[in-house]
């Protein structure tokens, strides 16, 4: 019966991973990836790996989305500028 | 003595850290001197350990020596092949540090030490991978080596090609690394161990191989074959090697790719060669098939290039194919031959890249057509370049020739023809370049714009276009070529190499390795063939350089990350299919 | 199987499951709200799991999440500000519902632990979680008057 | 290659790999099985060295050589990013416009910043006891500094973040790890051997021999590395602009 | 079913990531897909180390030997893996930023260098 929560967490991981691939816009994908990071952390907790869950939380909830969004921002700003020049 | 084995990794890492910490304070020459000194020190250590590696020894990191045959630590293997690769990597790092000495592109302000530091980290990663006896530890060093290589490949961020090639390289190799990790997970689930020997014993204890062993084999090999650029995992290599800075190319083509091949040899020998692993005929079928395909495609694509660095990169692909065949046949003589071949090839290929770098820095182009006849004044470089081409063809007494002839005799039959043909075609392409660029021979080729990468529009890697070639830049290829010759002629060297390889590789079968009349003849034949092909190509460019025939092949090399990832997936399936038949019975 | 773990499974399956669906589909304004609510549901679930496994040290996870989750949302609010300004999200009903989950779980756990250092930690987590979430939610909806800073 | 052809390749390759993986999964020991020889040995070894968090013991003692590689990868990535995201000849530094920040967001950020920083240090310090350690705590601490960017603005962040200092800190922490390892070689038995310091009392901050030292080195390395990484990216996004003329 | 389900999820996540990587139209999205691939490896490793009814081998709030514990080694491996993943993501994004500057696009279909 303790498996129920593991199954739930696994399903959430599978769903959000699929969503992270299916969502094609990078800014929206960053949102899904941050949720994926969180769900992975929950999965690691139920698999009794709090250390890994903690590092996944630290990386997945703030760091990776921040990096992704900064890259998106830079790329978009460039695109806009180029549009003006042409 | 044995306890100093981890220092092969620790010393370059410490050197790199200190260079970054102090790089702000010291001027560039000091940083470069420190880099050279650390690299040379590590090379010396590797050589000393290599001389003491008979019989091979194991070192347990952290002092966790096994209790009742079991340990919780990481095992490092100090044997001839591993330490030999570490020594080769260290010496080549030293060579590329010397080559980039003082002339290589200006570092960003306040980061005088970062380029030498990255090269030292690269060296540390390669040494760590070479001596790793633990599968996960091998993954860690594999990843370090890769991460540094991505950064170095994209070092010239102002070049559109450099950043694209680096990204392709990074995505494909990272995917390979994650496949390796999946494989490690499967093996750990079955055996509960991470040391390579321990996993091998665990698999044997479990009994006959099944689907799990097959999947683990395929996943682990995917990573190593991506690294060693076997078809169809090879697409990243020309893109990355053609755009990386020259000193980095010397390392990538000279030793990193070969480390992938070494990894295949090491992992098969320790993990999968037992009764619970992959049966020898299956391994042989998979590796020889992929190797032959790699050699053929590499040679053909090499012939049709005009971007000189890209041409050399494809010749690396072709030679990797030959190495994989040699490892795949699982004969002690072939292993010895490949060890010598890798040593000789490293010297020759690094020297050729070094000469190409001189062209780039002097003329701002690496395009065979645009450079036609322009480099007539560089007599010394021309001699080095031609010597390198002859070494590639396998002209005795180069080490490549000795290694090739030993392997040819071991593999026998049609594969011998493949060895001669692949080395002749790649060498012919290089000779053709030499004839056109340094000799100005033949009609000036048309500069059509087909589906290809030209070598023009590249920027020199030095601060200014060189008007005079610095001595360090010519001395390095000369020394490297001398080393490649020494591998072939130094008395007793081949025997020492063969002994070191056989001590770990072939369960006590010792073979003698020496020049044979047949081997010398085959070497001369492939050199002659290369010369004739090159002459014909120069004299009759139309008949020999018609890229339309190979257009479908060239279209596969599309520069598109998605394509390459798709090929990696196909490659795993092919590898699985090639290995499957014999495993079903078990 | 104890009740705490069952409760965690329900919160995960219902709350976090809904946010996964919400973040994967629909317009941007819905996605950012879903991302914010994901923290609001996952954090109580982690607290419940800690209690269910009888491992007080797992509370650190919830603490870190309560700190960094809203920070992540603020990052999105900052860097997607242009797009969000055109189509501001507003889902106060859901936000308060999520906050209520936290507000129910934390006192329940406090009762279960009894007064101790662990309870103080729980209260800190609860305050950070609810405060952070409401603030992040308001920041997303652009409800704040903006202040220019030199 | 056309998109269609690529899709076919992915389908063939993916189907093959999937079949292989499913077949392998069926041969794997059942989920939740009891056979973990290495794991059981590791737990035993950690307890003999009086390290309460076995994962910390595996990371910083039994498999400390792996962690050396891991932190070097991070170190290399930082140097790589510094080089890849440098300002090139055709770019110039713009002056970022002051950002608008809502007052409650500012208050929240400035309030949470010290809490997050302390939490990060707490997670690092208790690495060998409770879940956490140098890596997790380092990331939390470094992220907390960036609350200044969210709460105030980029220039406030720049004042508390001399990047050069953090780069040096990164390198020094990496060398500290290697030097601790060398101390194990000189004073003990082997590289990274945990035999130099006394093991202390179980479940206290100073237990575990060199584990807390290595843990602290990694914590510092990671914190500095993340700060530098984010600084490079923020620099690109906020400051560096491509010039039209030189 | 429960015996293999976690492994299948790991495989699914890995392959989904590969699919996204191959068909991506935006390099930033591709980098995200690569991290999805890597998530598959985390799931596999931790699933392999799980033991029914066990708890984490962290003895700060637990008496050693009082409860069965899961495998700590895979957790250490996954921890390393997470770090590697974050750094590779950062490095790849740095390269993507430079690609967008030099090529003016981040659509892999429009990158026209390095052919043949």
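Observations on the structure shown:
Note that the chains take the letters A, B, C, D and E in the order they are written out, and that residue 1 is the start of every chain.
One rule holds for everything that comes next: a residue touches a chain if its C-beta (ideal position, glycine included) is under 8 Å from a C-beta of that chain, and two chains touch if they have at least 3 such contacts.
Remember, it's a predicted structure, so these values are computed and weren't measured experimentally.
In terms of the stated touch criterion, the partners common to chain C and chain D are A, E, listed by label. Between A-C and D-E, more contacting C-beta pairs join the chains of D-E.
Each chain gets a centre from the mean of its Cα atoms; for chain A and chain D, those two points are 17 Å apart. Taking each chain's centre as the mean of its C-alpha atoms, chain B lies 28 Å from chain E.
Separating the CA-averaged centres of chain C and chain E is a span of 24 Å.
Between chain A and chain B the centroid-to-centroid distance comes to 36 Å (mean Cα coordinates, whole Å). Within chain A, residues 2-3, 11, 22, 30, 48, 50-51, 53-55, 57-59, 62-63, 66-67, 70-74, 78 each touch two or more of the remaining chains. Among the residues of chain E, those touching two or more other chains are numbered 2, 5-6, 14, 18-19, 22-24, 31, 40, 47-50, 52, 55-56, 58, 60-61, 69-70, 73-75, 77, 79-80, 82-84, 87-88, 90-91, 93, 95-98, 101, 109.
Each of the following residues of chain B touches two or more other chains: 136, 140, 143, 147, 150-151, 154, 157-158, 163, 182, 186, 188-189, 194, 555, 558, 560, 562-563, 565-566, 569. The list of touching chain pairs reads A-C, A-D, A-E, B-D, B-E, C-D, C-E, D-E. The part of chain D that touches chain E in the complex is made up of residues 3, 6-7, 9-10, 14, 17-18, 21-22, 25-26, 28, 30-34, 36, 38-39, 42-43, 46-47, 52-55, 57-59, 63, 66-67, 69-71, 73-74, 76-77, 80-81, 84-85, 126, 129-131, 135, 202-203, 222, 229, 232-233, 236, 242. Partner chain C is touched in their complex by these residues of chain A: 1-2, 4-5, 8-9, 11-12, 15-16, 19, 22-23, 27-28, 30-32, 34-35, 38-39, 41-42, 45-46, 48, 50, 53-54, 57-58, 61-62, 65-66, 69-70, 72-73. Touching chain B in their complex are the following residues of chain D: 1, 6, 9-10, 12-17, 20-21, 23-24, 26-29, 35-39, 41-42, 45, 58, 61-66, 68-70, 72-73, 75-77, 79-90, 164, 167-168, 170-172, 174-175, 178-179, 181-182, 184-185, 188-195. Residues of chain E that touch chain A in their complex: 2, 5-6, 9, 12-13, 16-17, 19-20, 24-26, 28-29, 31-33, 35-36, 39-40, 42-43, 46-47, 49-50, 52-56, 58, 69-70, 75, 78-79, 82-83, 85-86, 89-90, 93, 96-97, 100-101, 104, 106.
On chain C, the positions that touch chain D within their shared complex are 57-58, 60-61, 63-64, 67-68, 70-71, 74-75, 78, 128, 131-132, 135, 138-139, 144-150.
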